[in-house]
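The block underneath contains the structure these notes are about, expressed in structure tokens.
Naming follows writing order (A, B, C, D, E and F), and every chain is counted from residue 1.
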Amino acid sequence: MTEHTTKKTALVVSAHSADFVWRAGGAIALHSTLGYDVHVVCLSFGERGESAKLWRKGSSMTEEQVKASRREEAHAAADILGASIEFFDLGDYPLRADKQTLFRLADVYRRVQPHFVLTHSLQDPYNYDHPMATNLAQEARIIAQAEGYRPGEPIIGAPPVYCFEPHQPEQCNWKPDVLLDITDVWDKKYQAIQCMAGQEHLWEYYTRVAQQRGVQAKRNVGITSTRNIVFAEGYQSIFPRVTGDLA
Amino acid sequence: MTEHTTKKTALVVSAHSADFVWRAGGAIALHSTLGYDVHVVCLSFGERGESAKLWRKGSSMTEEQVKASRREEAHAAADILGASIEFFDLGDYPLRADKQTLFRLADVYRRVQPHFVLTHSLQDPYNYDHPMATNLAQEARIIAQAEGYRPGEPIIGAPPVYCFEPHQPEQCNWKPDVLLDITDVWDKKYQAIQCMAGQEHLWEYYTRVAQQRGVQAKRNVGITSTRNIVFAEGYQSIFPRVTGDLA
Amino acid sequence: MTEHTTKKTALVVSAHSADFVWRAGGAIALHSTLGYDVHVVCLSFGERGESAKLWRKGSSMTEEQVKASRREEAHAAADILGASIEFFDLGDYPLRADKQTLFRLADVYRRVQPHFVLTHSLQDPYNYDHPMATNLAQEARIIAQAEGYRPGEPIIGAPPVYCFEPHQPEQCNWKPDVLLDITDVWDKKYQAIQCMAGQEHLWEYYTRVAQQRGVQAKRNVGITSTRNIVFAEGYQSIFPRVTGDLA
Amino acid sequence: MTEHTTKKTALVVSAHSADFVWRAGGAIALHSTLGYDVHVVCLSFGERGESAKLWRKGSSMTEEQVKASRREEAHAAADILGASIEFFDLGDYPLRADKQTLFRLADVYRRVQPHFVLTHSLQDPYNYDHPMATNLAQEARIIAQAEGYRPGEPIIGAPPVYCFEPHQPEQCNWKPDVLLDITDVWDKKYQAIQCMAGQEHLWEYYTRVAQQRGVQAKRNVGITSTRNIVFAEGYQSIFPRVTGDLA
Amino acid sequence: MTEHTTKKTALVVSAHSADFVWRAGGAIALHSTLGYDVHVVCLSFGERGESAKLWRKGSSMTEEQVKASRREEAHAAADILGASIEFFDLGDYPLRADKQTLFRLADVYRRVQPHFVLTHSLQDPYNYDHPMATNLAQEARIIAQAEGYRPGEPIIGAPPVYCFEPHQPEQCNWKPDVLLDITDVWDKKYQAIQCMAGQEHLWEYYTRVAQQRGVQAKRNVGITSTRNIVFAEGYQSIFPRVTGDLA
Amino acid sequence: MTEHTTKKTALVVSAHSADFVWRAGGAIALHSTLGYDVHVVCLSFGERGESAKLWRKGSSMTEEQVKASRREEAHAAADILGASIEFFDLGDYPLRADKQTLFRLADVYRRVQPHFVLTHSLQDPYNYDHPMATNLAQEARIIAQAEGYRPGEPIIGAPPVYCFEPHQPEQCNWKPDVLLDITDVWDKKYQAIQCMAGQEHLWEYYTRVAQQRGVQAKRNVGITSTRNIVFAEGYQSIFPRVTGDLA
């Protein structure tokens, strides 16, 4: 309890085991550096939909092998970023969640008591697992807020939820209202990205994403900033921000 | 110059002479308390469209009298809120701005070097002067950023622009993404509101607006907050926020 | 004054001299039948943009001849529909309105004291004159509501504004929330349509529009209706409807 | 059958047992006064998500006790408003509906033959049960319209569906296009609100909502109105309104 | 394999057994004429929701009889249009799909290897089965693209998906970005439409739809066109078009 | 006349003298290669708003010098891309256009008879000159279509209008529905980019934009494509595409 009020925490809900790296690796590394306990929940390993390179290794490859390999990569990446990680192993393509899964994630919320939440975009016509994850993360958060769910347990507050950048942002109607400066932790993010041996074609793509958001962040900075931003991540908030000043 | 880097400032662009009070009085009082120099530009006195009570005083009432009365009220309110104020006297219903007005406002931006800007919503089917003011505020900001406008003068950075709450928010497609806690300065805001003798029917309306936003702010607060929010103001950002953390 | 409270009135603001026929002819004829005084303001004759057939008659054709011909057609149509009509002759392609035009239209509002207003859609990428007319109609309405505009004159209330159907509704982001049954007055509308000798290619197009909206109206009718709707017109409201019951 | 054509009816689909009071209590009381049979379906008691005060009474509190208490409150409120009420007891947080529930609600539609329907908003990021209820209400209405569902039974027409106001309207992208004057029945609504002993913190919140909508209703009233509106409820229509006049 | 690269194919996913005729009959006939193998999947027969006329034939009518009749009509229409057809028989009002159905449709994608896909709109407040079909078609397409689904089988590319026109386009927020000239195959489409004996009231409605889209297509044609378009179908793309020129 | 039907042409309307290079350089070079006459209209030189580097060269710099330098760069770039170019010299920050300018651009449309048009996005909160240019390009196109504008002159058809990519696409609500493969002409585009000596900081930014759109184009390609896309440009269409097939 005391811990909850003193220790800062964050929760990341990732549909597949690599999403948290491409899309939120900078935020994770940065807040880890700032003293947060960041916890990642991977709902699936992305074994079907995002492991093409592994499957192409030969017809003897099995789903268990693919999952094991993806788990290993994700663990390595989380270590580099400074986050703890757990796997729900729900399967992907399609990702589906029943009530028990919803409660399982609500229980993670209760345990972690996150100060903020990172998850996918609200829409993605290229990937139905992503909004499925977002909705699961949102509904679990609501359940964890309810006094009547496991009465007596400490409920959670109303942590802000940030949607991270999808692969083709405009097609997902995703519009960033937050640009997070990740320049100081870029090395860590890129190191974590390199753990994703099976998706090497995305390494440079997401490097350029970070550079473009970096340039945009510089364009949106007010007068007092002395930041030299080179890399950034974009996020879209779901809820209004409550604040004591507008600067 | 030194001053610019040490002194925090804000600019409020108000279509009519009372708008800044109803819509941003809390933000002005709060930042004034926080040490900001807040400067208000009233584009018109609202002499035609928002002075019904004065006009009803009798057929001998003249536009000059109405304007004088509105100026006085606005000055009194600005004093209470702790802001400086100037009047462009462009006329209202309709409000129109030519290039010279645009440059005049750009020059205010250059002089004030605001850390943030408050102005109207992007749409308002009930009041065409309001989005006109927003567009003027936006375009003047862009001109003040340009090296080629009055070359040699110090340009401005990219101060965030916040749209304040219109009278009928949903009809204006206005959606707040910031809820500013103004509980500590509510007394000042309500005192300033009372300067608007000609629009007494709005006093309680805007008190209730502040209470509703206050309740909503409490609903959106994360775990660590110990704030007891009673009154709030809602704002909609035009540009993404650049930040170094997500808490 | 007494008249205002006893006589029902409506105002139609039409960018070009035929728009009110295609788009609102049913509403005009219907309300005329219901005892309304319906007044049409044609901002232009559509002499440049919507008189192709006249121009093709030969190189001796002049703008004055085209305008005279269009005026005649519009007058004939208004007579059939039972409306009075006036022409602002502002020119088309492009339609432009200065402050004096705005006040001129505001004065029409004051004179007519309309119970509702019909005008164009808010957007139209095929025809910039149309949203220009909508904005003029909206801003003039706001000015006519202001006590400080020609103080002492009776102001107007808050008549609902309905946007009539543009030529390609989806491309204009126009979405009808009202379907008006015009079955009883269809004959009059079609007779008025036939006055538009220069745009014969549109007669059947707008007949089919009325039939399609008629079918849709039948689909959206509640249980008690005994109406046999065949022809309808669609409208999009700008303002919320104030009502004493939801049936 | 004769009854169906002579007796006016309405159906309210409420996710939790108090929603119909806060959000539609005025409409219910008003139409009850106008002679409608208004029937309320509460999909759940809100036992988990909206009964915090009850749960805080002590660790001996059980879900059955909470539900019983909520049922009693809801019954009392319905009595005051003049509506009949039934409870589906589907559970909340999360609310889920299978095919049998869908048919059960379709059967209610068939039995009630509503002239209009009231339910939740289409979106609500704070409460996933609400749009779930809206979708259930919508799909059940569609099934009840189908000749092939329980062939031989009388189908329903196309009653308008109105979405009532969510707690944070802008965040739900809810935009009212109807403002219902509930001034004459406000006393009943407030009396019904007071039945909700467990949510006393919301009494004044929803009083202010009614006052704000009342002020807005007055702003949107046309010229002929002699109504003195003080309290109102906002609604968003899903379907276009079919009408015989535009006044 | 060779076949895949030489033979052009298309896939149509239709919620009920007549949808593909009204909404995409022209595209099917046209591409059939152009040498495509067009395959139609009917998810249900529309036995409950879209067979009113059959049900009205008498109380002895059974669901099996209705389905048989609808199957026959759909087969006849497909024959005329030149398409192959299969029926998933999932039931309608409501249409529901589990994981096995999803895989079944993914397998159709793998088998057909479509060059483009036609299905319903993304929204439809009048018909929940339609967006259900769209989502099923979309998610099955994504699964068929995944290397890890039935590893070793040839995956599909990224065929464009076009949403066909719903009954009330604006209410479904459907906006066509493609207008397909079907003038040359209109006779076939109208012949296929006439197979739908149970929905004769829609024959003329959809004839007029084709005529209206035809007129609109002519309005949107560039300079070089010598097409004389009379009938057209509108489509809304979900994905961006990849092209080598902009003409 | 004969020429019009045989020679393919395109028109690019650029707010400032470098916009056509960053945003449409690939399309210009590609269509020039395909045999199109591509004509660029630069509405201003961007002398105030987009020439920071030149202004920083010293206080002796004059607007005329800046304009001359920008004109030279733009000419060089157009030469490389294979386009003709003209300058309206309307001034920037703010860009304003009166009726005469509108007619001047309409006359260019009449002269060029473009098969397609490229211009800016519909919105841009960072740059008001950009949507101003879009609206000018749109309205001039409409006027050039009107028989009554300079009667007797050949009018234009309905060339598609494509909005090119703004600097911060999501903030401008710009969503590409066309991805143009510019891989074969990338060298020319990059060579043209390098003419923009004053904006060297943007060279790599727009290289990365082209790479990202290239990756996205590959993701959206159907089955038959053998294209190896590396660089692409995104465009948003304003009007629906009229076509004879969907492949």
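Keep this in mind: contacts are C-beta pairs under 8 Å (C-beta built on N, C-alpha and C of every residue); 3 or more make two chains touch, one makes a residue touch a chain.
Heads up on the chains, UniProt names are A, B, C, D, E, F = GlcNAc-PI de-N-acetylase.
Every value quoted in this text rests on a predicted model; they were computed, and no experiment measured them.
Shared contact partners of chain C (GlcNAc-PI de-N-acetylase) and chain F (GlcNAc-PI de-N-acetylase), listed by label: B, E.
In terms of residue-numbered contacts, E-F and C-D present the same interface, as over half of their contact pairs agree; the other options in C-D, C-F or B-C do not.
Distance from the centre of chain D (GlcNAc-PI de-N-acetylase) peaks at F, each centre being the average of the chain's Cα atoms. Measuring from the averaged C-alpha position of chain A (GlcNAc-PI de-N-acetylase) to that of chain C (GlcNAc-PI de-N-acetylase) gives a distance of 52 Å.
Distance between chain centres (mean CA atoms), chain C (GlcNAc-PI de-N-acetylase) to chain E (GlcNAc-PI de-N-acetylase): 37 Å.
In chain E (GlcNAc-PI de-N-acetylase), the residues touching two or more other chains are 126, 171, 176, 216, 219, 234, 239-240.
Remark: the chains found to touch one another pair up as A-B, A-D, A-E, A-F, B-C, B-D, B-F, C-D, C-E, C-F, D-E, E-F. Within the complex formed with chain E (GlcNAc-PI de-N-acetylase), the residues of chain C (GlcNAc-PI de-N-acetylase) that make contact are 126, 167-171, 173-176, 205, 208-209, 211-212, 215-216, 219, 234. Chain B (GlcNAc-PI de-N-acetylase) meets chain A (GlcNAc-PI de-N-acetylase) in the complex at residues 4-5, 8, 10, 27, 30-31, 34, 113-116, 118, 156-160, 162, 176-181, 216-217, 219-225, 227, 229, 232, 234-235, 237, 239-247.
Residues 99, 102, 135, 138-139, 142-143, 146-149, 151-152, 238-240 of chain E (GlcNAc-PI de-N-acetylase) are the ones that touch chain A (GlcNAc-PI de-N-acetylase) when the two sit in their complex.
By the touch rule above, chain A (GlcNAc-PI de-N-acetylase) contacts chain E (GlcNAc-PI de-N-acetylase) in their complex via residues 47-49, 51-52, 55-56, 59, 61, 63, 66, 93-94, 96, 125-128, 171.
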